Each structure stands twice: as C-alpha cells, then as structure tokens.
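Each of the two complexes below includes chain A, the first together with chain B, the second together with chain C.
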Partner chain A sequence: MNIPVQTDSFFERFFRQNFFYFDRYPLVIKIAVLLTLIAVITILVAYSSILLRRFAAYLREKRLHAIHPHIDELLTEYVLLNEDAMMQVPVEEVRLQTEVFLSRQFRKRWQKQALIDRMIHFKKNVTGDISMLLTRVYVETGLDKFSMSKLKKMGWSSKVIGIVELTSMDMTIADVTILPLTNSRNRTLRAEARNAYIKLSKNDPFKFFDVTMEPLLMWNQLELFRTITTTEGLSIPNFARWISYSTNKSIVAFCLKLALHYNQREAIPSIIHLLNTRDHYLRADTINCLGKFMAEDAEEKLVHMYFNQPVNCQIEILKALGRIATGNHLDFLKNEFLRSTDFELRKNAAKSIIRHQALATQMIQELLSNATTENALILKHCMNPLIKY
Partner chain B sequence: MPEQRATWEVIQFFYESFIFYYGVSLLLVYALLAILSFIAVRRFLKKERFVDYEEITWAKHAPGVSIIAPAFNESVTIITNIRSLLTLNYPRYEVIIINDGSTDDTLEKMIAQFSLVEVDFAYNERIVTKPVKRVFKSTIGAYEKLTVIDKVNGKSKADASNAGINVASFPYFLCTDVDCILERNTLLRMIKPFMEEEGKKIKEVGEPCPECGYRHVVEDNRRVIATGATLRMANSCEVEDGVITRIRPPRQLLPRFQEMEYIRAYVIGKLGWSMINAVPNVSGGLGMFDKEIAINAGGYDGKSFAEDMDMVTRMVAYMTSNKLKYKIKYIPFTLCWTEGPATLKVFGRQRMRWGRGLFEVMSMHRRIFFNPSYGSMGLIVFPYNLFFEFLAPLIEATGILYYIYLISAGHINWPYARILLVFAYSFSVMITSLAILWDQITFHYYRRWTEVLGLCLMAFLEPFIYHPLIVFFALRGYFNFITGKKHSWGNMQRQGFRPAQKTKEAVV
Partner chain C sequence: MTVNILIADDDEVMLQIIRSVLSRGKGFQLFIARNGKEAIQIKEKNKIDLVITDLLMPYANGFEVISAFRRDPETAGVPVVIVSSIGNEEAVIEGFKLGADDFIQKPIQVGEFMSRINRLLAKSSTNLP
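So, the complex of A and B:
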C-alpha cells in the first residue's frame, strides 16, 4: 500500500522557516500574515516607484534642459537666420546644412524626439518661408519617417503622436492611411485623424463627412472647428450638401455652424427644409442657425410652427425672431410676452422685442406702463445694457 | 450559569466572525478601488496628453458656465478671490457671488472695488430660497462677467448656492467656495467630460400618431450630470494675486493629514467609483453640474448638513426615476485648493457636521437602499456608504470596547492579536501609499521629493493620531443628529494664504 507523501509548497516552507508556529495558525491568521506580507511589499514598491519616477523625471528634464538650447541655437542659425531665406531665395533652392541635424547628438530616439518637439514649437511661431524651411529640414533629416513609423504601430496613442507630429509639420498623409482612422473606435484617434485629414488632404478634405458613421462629439467639434477655420488655403465647400443629405446628425449640426461661420446664405433653403426634422435638438440648432443668418424667408414658418414645439425650440424661435427683427411679428412677440406662463419664454420674448430697437419703441413704452410688476421687471432686465444674459 | 456562558460564547463567536468578514470585505473594496482608480488614471493621462487646452480657450461654440460662489463674512479675502475667478481660461462664463447676509463689510468692499450698481434683475425663483434683496452688476466693462447677489442669510451654503442657480444664465454651473483657489483651466477641464459624451441624442418609440405620423421621441444618450476633481489644502502653498505659484503639503500636522486624506478620497475613492459610474458625492468645494437636472432634482437642500451628497443623490434619483441614462465623472487632476481647518476645534466642528450629514442622507434617502430601480446608486453606492462609511465608526468603537474587555478579562490571544493589528495597520498604510503613488503618476505637484516623503509619513502616523479623531467626531455627529442638538455653522477663521517667495529652490 502506497502512503501518499505530503509535499510542502514554497509558501509553507517559507513560513515554517520564518514563523515557527505558522503551520499551527488558524486559517484566518495565515491569511492575515500573507496579506500583511503583500501589503509590506506593495508599500515598498510604491515608495520605490515614487522615488524612481521622480528621479527619472528629474533626469529627463535635465537632459532636455541641456539639449533644448543647443537645438534652438541650430534652428535659429541654420533656419531662422538662413542667409538664402533672408535674400528671398525660393524655399526649394535655399541651401540647408541639414548635416548638423544628423550629427551624433541626434541619433538616439529621445534626441530625435526632442528635435521634432522643438521644430513643432518653432513651426507654431513662424509662418511663410521659414515655416516651409522647417518642413524641409524635417524631411531631409528623415524625421518624417521617424514620425511615420509611429503611425504604423499598433497602439492608438503612438498613432495619435505620429498624426500630431506629421500634421504640425504640414506633411501629407495618404488618404488610404488616414481615412480609415477617421472612423476608428478610439475617440482620441478618431478626432486626431479627422483634424489631420482636414488639414492635410489634398483631394477632398471634407470627404470624411460622407463616410463617417461615428458621432462627432461636441468637444471634437470645437477642435475641428478651429482646425477648419484656421487652416490656410483650405477650399471651403458648400455645407448645404451635408445639411441636406447626411444621415449623421452630429455632422449636420456641425455643418450648420460652419455654414453660418462662412456666411453661406445659399444654404438657407436646405436649413429651412431641416426644420421638418423629428429630432427636436437638431431642430433647435436649425432655428438658432436661421436666426443668426437673419433669414427673413424662415420667419413665417417659424411663427407658424411655434405652438407645436417643445420649449427649447420655442425659445430658439423667439430668439430668432429678435435676430431677424423685421418687425412683422412684433405683435406675436408681444402676445407671447403677455400670455406665456413660462418665465424663460417671457424673458426671451421681451429680449426679442427690445432687439427690434426703433421699431418697438412705442410698444416697449406701452408695455412698461401697462405690464404687471414681474413683466415690467423682465423688460427692465432685458433693457439694461449691464445685464448681458 | 453554564447556559449564560454558552450564550455569551455564541455572541462572541458571531461578533468576531462578523468583524472578520466585515474587515476583509472593506479591504477587498479598497483593493478593488485602488485597481480601478489606477486604470482610470492611466486612461485619463493617455487621453489628456493630446489635449491642447490653450487652443480651445477661444472656441466660440463652447457651452456657457456659471460659477457660483457663496460668501459669508469673507471680507479679508473676497477681492483677491473674485479677481482670481475672473481670470480663468474659458471663452464663455459668468461669476455669481452670493453675499449670504454677511455681517462684516464683504458687500461694501465688492461694491467699491468693482464699481457695482444695483440693477433691476428679473429673478426667477425656480428653487425656493431666502429672499434676494438686491442684484448688482459692474459698470466697468472688464468686470462684465461678475454678478453679485445680496440675500437674506439662509444659515447654509446650500440656500445661497440655490439663489446662485436661480440667477445662472448658462446650462452648466460650477459650485465652489469663494475662498477656494481654482487652477486656470478648471472650467475647460471640467466641461470636457460633459462634451465628450454623445449628447442630445433621441430615439423614436411607440406607434406613429395616426393623424400626423409622428412617433413619441425620448432622449437616448448617456447624459453627464456632474463632474468633480481633486481638492487639496492651500495652507502652505504660495499664492500671488489669487493664483497658486508654489504647491506644498501643509506644514501643520492637522492640515497635512487632511491633504493625505483628500488625495486618498479623491484619487483612489471617487476616481475608482467613477470607473463603474457609482460616484457617491461631488464635493461642495468644486463640482460642475448640469443645471437643468439640478433644478429638476430640487437643487441643494438648504437644511441638509451634507448638501453636496444630498443633491447628487437626488439628481441620480431623478435620472433613474425618469429612466434616463446618466454619468458622473471625476478628474484625477487637482483643480482646487482650499484652506483646511488648522485647529482641532474647527476641524472637529467640520467633521461633526459631515458625520451628521451622512446620517441625515442615509435616513432621508433610505428608500434607495438595495432598490434595483435606482441602479448603481441603490445597489452599490448606498450599501457601501451604509456599511463602510456610516457604520465604520460605530463598528470601530465597539471593536475597541470589545478589545478592552478581552484584555481586562485576560481572554486575548496576544500573538494572534498582534498579527491582526499589524495586518490592519499595514493594509491601511498600503492604500494611502498607493493613493500617493497614483497622485504622483498624475502630476508631480510637489517640487521636492522631501515634501512627498513628508506626506508619506502621514500614512504611518494616521492610524494612531488622525483616524481616532475622525472616528470620535463622526460619532459625536451621529449623537448630535439622534439627539437633535442644534448645530452652529461657525466661522472658518481664515488664516489667509502665503505670499510667493522669491527664493530659488533645488528641484528633484
């Protein structure tokens, strides 16, 4: 008959050697000892990590502190103060001593990265020929390939870094590389790819508006709006195209803002047509856009639809009538001011009446003398130039 | 006699088993929160790397934000603090200061400094408050963002905040204390989570109307209803013109303990909870809210001692009752510095109020406990708060009494007791150490490593000095709530901030 041999695990041996009675401890105490050990190790690791991280950051800063002035010096001497560039020689013909940027000092990855970062910094602060010269240095030193290699990595953050670097240096990225990224599931990558596409695509920078399925988040809209409105030489399309046909509501809402920014009055019929949308949020945006366009053509329709709308759309209609301010619907505004039970509606009706200025002077006097205390206060509130909202 | 002894042994067995399982579950929850918060910090930092807040500063489509800051007898610091609020980086915001019936010259100072004049303001009392006496606006264009409300003292910050919400013009509001110092990009950083969710999305439900063909439309997005960020002590920081120029852990012991506690509560606690959308509370010191939801939920409760927790609870209850999806998000960055109580008297008063407030919220919203219709609030937040926040001081107190009994009766097994005490101690130090590590991963707030070390030291001292104090004051708060003892808010007795020094320090 075989007697089973009981073998000790590593932990049992360890604890027996270090804690004489460990074997005889109840389970609860054994667990407590084990967890204490884990906690002590974690504490030691935590403090070591804090110190190591701080030390690493200190070294990194020290290294950059040393190399940055050198890079700045080289960029100033060979690019910013380039003699040929100062003599108005065309950028392509300017003699560049790129070998100084290929020296041993810029062979390591962190050195290349530092060089790119400084170039981007300089590029943000210059325009014209100097900006183009910086791009030339970037290409001729092969740093573009260094950035491009990031774009081919698996991780989304590397891709984003690559996109940001290439975009900042005004490099072209092939549509086939960048377009799929505009629909990425990762929000940050998607947003950066869209920004880059607008900035760099030579063919049709707004093409991704057609293909994008993912929503354009409000935060990304801010970034994209800035990219579109600040990129030089961008050919601006007629945004009515997407206002009329896009099935992506966030793209439609964004195009309303763009159409307004570029004062594309030819888009007004498409925008008026959008008033029929069943989405009351998008409808409110549409009404707001028509108001800011001062679209007189829309006035009748807005008044006609007013009573069937939710409050957010009603407020926008009242605001729009104030912005359009033809005076045709002053009585409507007056009725709404006197009749409505909703404070916000009354306030917006009052504001819109006051926006009519000379056309409404008599009506305002009349309302002030006959209105209830609260309504008179609303009118005075809206008339006071110190109160903005 | 033997029967009595047997009964006593059974009670002992159950009590000891309960304490063991309670302790283990508490530690497991902390460990889980530490893991979740680590993931959250990593994710946040990875995304944050690519955000250029400076570029967004002038975005004309950014949603407006109203900053609401109640002031009661803040004459010493009010002007500097308002100036600081007026210089934040954000394209569209207003600053609403509510003078809550100050008895000093707070209002007079504001009127003189900012050339304020009384205006006819159409005050819409959507949330009932004590009467608003006057509203002031500045005649100087540079201060056009500023609105000052003078109201009858409502004996609570909540009442003043509600008056501010009533006056607010924008869809989001940031609640803070007028003595808090905010980081310049606070509004940009805190509005971002609101704008990163796909908002304003609808879906059509039910059958089409036979007359018009329209179908009923309901909201179909996950709406961010509140965001919060980490708070820190400003006690030893250097401040110039209302801007923090040098961050230091407080030199005094009590505020330094609080700094450590805040880091742990925000970086491990709230950030961890936000990963599973179960944030229990957005601090009254710094929180941004969706105004529409806050008003629909009834605003702050003017009578509550934990008005911030109470409002978040009601906002969540409102969302879940209306079957609306929501999110509350937390940011690991420190965006707000506040002066922590430096004396035991003021500290005790603050903690008693918190204890009392917790008791109040637990009893007031008891219908939420284990109620699946309230989602994570009913199944995670409230049970956690009940067992590990509310009951913890009571269990600890009974545990200490039981220990004393065991010692006096000679029933204690010292070797085991020592092992268990070392275990509890090391685990507590571990969680705090991890919180400090996560905080350091987020940003190196302190310039010198010795300052970090000074804070780490608090983790080792906390169980002996600070923790007993917290337990004691929490129990007193509970006692006051049960006995209905009147609580006076009292003055914070501000010591003011350190001016910036012009010395050069070695940096590691």
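So, the complex of A and C:
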C-alpha cells in the first residue's frame, strides 16, 4: 500500500523548525514576523548592493589612478613637447606619433574614455597650437568616432557625454544629428545640445530658436548666454526676428536680454510692439528691456498703459521711467509717490524721481520739506548712493 | 646657475603642463606645491626666484601665498605670476594690489606663457645687486 509522502516546502520547514507554534500564532503576529523578515532581507540586499557599487567604484578609481600618469606622460611627450610644434611648424604639418595612442593600452572602452577625459582636461588648460594639436590627436586616433557613437545610444546620459566631449574638443556635429536633440524631452540633454549647437554649428548657430518648443529655463538661459558671449567668431543675428515672430515665450524673453546685451537698438520697435502681449511676465521683461535701452519712444506708451497693469508691470514701468529720465513724466512719478497705496510702487517712484538728478532737484526739495515721516524715510533711503536695491 | 621656480596649483594636469613647458628651458629647478599652505612651507625652506601660483587652492589661496612672499623682506622682491581661470577684474586688481607682477588667464598659450616667464626672470636678474 502506498502511503502518500507529505512534502513540505522550504518555507514550511523553515517556519516549523524555527517557529514551532507559528501556525497557532494570531494573524497579527504572523504578519509582523513576515514583515520583519521582508525588512531584514531588503536591508541585506540594499547593503550588499551599496557595497558592490562602492567596490566597483574603488576598482574603477584604482584603474584610472594607474592609467592617468601614463596618459599625462604621453600627452606631454608627444603633444606638449612636440619638437615640430616647438619649432613653430604649422599645426597641420606637425608630425604626430598617434600610434602610441592606438596601442593595446587604449583598446578597451574605459581606457579610451580615460584618454578622452584627460585630453579634455589638457585642452581646458591650454590654448593655441597645443590645443589644436590635441584636437588632431583626438581625430587621428578615431576617438571622435567613439564620442560620436555615444550620440546614437538610447540613453540620454550617454548622449550628453558625447555632446560634451565633442564640444570640448571643438568638433563639428552635423545639424541633422544635433538639431533634434535641442528639442529633446530631457532637460539636461536639451540644454547641452543647445549649447553645442551654438558653439559648433557653422551655418546658422541660432537656428534652434526657430524650432525649439520646450521652454528655456533660467539656468539654461544663463548657460546659453555664457556660450554666446564667449564663443569666438560667432555671427550675431538681429534678435528682433525672434522677438517679433517666436511663439516660444522663453525664447522671446531670452532674445530681449541678448538684444540688450548687443545694444541692438534697431530691435526697439519690435520690443515696443511686444508691450501688447497678454502674458504679463513677458510684458514686465519687455518694459524692463525698454527701460535699459532708455527708449524714449516708449515713454508715452508706458505711462498710458500704467493704470491697466498688474503690480509687477507697474513697478517695471516706474523703473523704466527712471532709467529713460527725460523729465517729461516727473509729475506722474510724483503723483504715484504721493498717492499710491502700495509701498513697492512708492519706493520705485521715489527712486525714479531721484534718478532724474538735476531735472528733479527742485521737486525732491519740495517733497522732502512737505513729506510725512514715512515718505521722507523712503526718499532718504533712495537718495543714499550706497543702497542699490 | 639654476633658477628656483615654485609652482602652486591644485590641478594635477595644470601642474604637469607648466612643468613640461618649463622643462623646455634649461637651468630651472622646480618646486611643486599642491595647495597654498605647501607653497608657503616651501618658501620657508628654500630660496625661490620665481613664483607661479593659482588663485583658488585649498588651505591657503593664491592671495595668501602672494602676501606671505611680500611680507617677508627676504622674498619681497621675488616675481610672482598668477595663473588662474578667474579672470574677473576684482581678482586681477586684488592680485596686483598684493604685489603680483603678472596675471595669465587659463587656458594658457604655451609660447606666450614662456615668454612672460622669461621676461620676468630677465627683469629680476637685472634688478639683483
């Protein structure tokens, strides 16, 4: 007669051996025991993964620590101390022994990456012929293709690394490759691609302004501004083009700043036209820009629209009138200073009156003699040249 | 006659570049400091003829290195060159106020760098009694 053999699972055996009465525990205790077990296992997995990662990072550091001095030595010997370069031979004709960078030591991906990183580091510290020689080594050893291959990868971080490498080594990237990336959904990739496009595009470095749909964040604007103002030989277009026609508000706001930086006074009519925009943040930027341009043509319109504006635009209008300072609207400023209920408006009106200097001397004396304690305090605050804000 | 040059920079690559550029010239003995404090210590123990210093360094910055050289009557006349990526007006003015003799902004142009160093060395050797 066959007696059925009862087979227990591992967990049943484990619980029976360790928790003899487990089956008889109340449900709450059973759940607590299970949760404790899950928590212990999770912690063990988490700690082992942290340890493994740290160990991998340690090994990577160790390998790099060993290879960096060797790379430095090669770059020093064959590039920095290149005899032809020292003899002022033109960069294209300098004899380079690129085979040393193609040796077995630089076949693996991490070795190539270490070489590229070190070359970029060198390139950041030198300019002129040596910098151009480094680019030649980069191209002649095929490392440009290695960087370019990163642009074709799926992950955005690889693409960003590829772009940074190519930009740092002054390589050109085809518009068809880089332009779609300027509109990527990934913020970091988008920003890097835009920077690279301005730096590397030979035809129309600002073309992406036409196609970009995503907003330019403030930090990206700063980065782009730095790239635009520091890239040599960049042909600066008339930014009125985007101020008038772009549907991307952040591009328009950025172009206002650029037009101002490059003192493109021919853009003033487009900027005045932009005062009709429905977005009051953009309108405030526009008024600010007109004030900094000291656009006298805009003064009448600014005063005319003042009372229909939200406070941020009203503040910008008062500031702009102080910057333009023709003296035509001193009475308007005085009225705002005396009658406004908003403290910021009163402060900015006072500041703008004082900015008129000689034109407003008599008015300032008059205001000071008749002012309430608070108004006198505001005026004195604004008259102090050491207080800027 | 050897010329003792102190190079203070916390960037290993920059040190390597300056070292190799100066190795083109003959008769230079180089002292390397990886931070401002090390630079000041080297100054105490050795006779230095020229200082090349970065501005941003750990422990003591380039300004402190220049001040240390200028405060000591023995090293007050040693030419000091700032090599830094900080190119703003305030930093340059502060450097010159403290007594720096030249300011070279990174990235450096090797030929220009070498001629500036040679010019300073020639100038300081003619000033020697």
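Rule of thumb we're sticking to: the second predicted complex is superposed on the first by the 352 of 389 C-alpha atoms of A that agree within 3 Å, B and C clash if a C-alpha of one lies under 4 Å from a C-alpha of the other, contacts with A are read in each partner's own complex, and residues count from 1 in each chain.
In the analysis below, a contact is a pair of C-beta atoms (placed from the backbone, for glycine too) under 8 Å apart; a residue touches a chain by one contact, two chains touch by 3 or more.
These figures come from a predicted structure and were not determined experimentally.
Chemist: Which term applies to chain B and chain C once both are placed on chain A by superposition, clash or fit?
Modeler: fit
Chemist: Could you look at A:I378 and tell me whether it touches chain B, chain C, both or neither (first, second, both, neither)?
Modeler: The first partner, chain B, only.
Chemist: Check whether A:I130 is in contact with chain B, with chain C, with both or with neither, and answer first, second, both or neither.
Modeler: second
Chemist: In the overlay, answer first, second, both or neither for which of chain B and chain C A:L81 touches.
Modeler: In the superposed model, A:L81 contacts chain C only, not chain B.
Chemist: Does chain C touch more residues of chain A than chain B does, or is it the other way round?
Modeler: B
Chemist: Which holds for A:V33: it touches chain B only (first), chain C only (second), both, or neither?
Modeler: So A:V33 only meets chain B here.
Chemist: Looking at the overlay, does A:R118 come into contact with chain B only (first), chain C only (second), both, or neither?
Modeler: Second partner only.
Chemist: Applying the document's definition of touch, where does A:A174 land relative to chain B and chain C: first, second, both, or neither?
Modeler: After superposition on chain A, A:A174 lies in contact with neither partner.
Chemist: I'd like to know which partner A:L51 touches here: chain B for first, chain C for second, both or neither.
Modeler: In the superposition, A:L51 touches chain B alone.
Chemist: Once the two complexes are aligned on their shared chain, state how close chain B comes to chain C by Cα atoms, in whole Å.
Modeler: Superposed on chain A, the two chains' closest C-alpha atoms are separated by 9 Å.
Chemist: Residue numbers of chain C touching chain A in their complex, please.
Modeler: Contact set of chain C toward chain A: 11-14, 16-17, 20-21, 23-24, 106-112.
Chemist: Mind pulling up the chain A residues that touch chain B in the complex?
Modeler: Contacts found on chain A: 21, 25-26, 28-29, 32-33, 35-36, 39-40, 42-43, 46-47, 49-51, 53-55, 57-58, 157, 160, 164, 187-188, 192, 215, 217-219, 221-223, 225-226, 249-250, 257, 278-282, 343-344, 347, 374, 377-378, 380-382, 384, 386-389.
Chemist: Enumerate the contact residues on chain B facing chain A in the complex.
Modeler: Against chain A, the touching part of chain B is residues 20, 27, 46-47, 49-50, 55-56, 59, 61-64, 94, 117, 119-122, 124, 137-139, 144, 169-170, 192, 194-202, 204, 214-215, 217, 415-416, 419-420, 422-423, 426-427, 429-430, 433-434, 436-437, 440-441, 444, 449, 452, 456, 507-508.
Chemist: Provide the residue numbers of chain A that touch chain C in the complex, in ascending order.
Modeler: Touch residues, chain A against chain C: 68, 72, 76, 80-81, 86, 118, 121-131.
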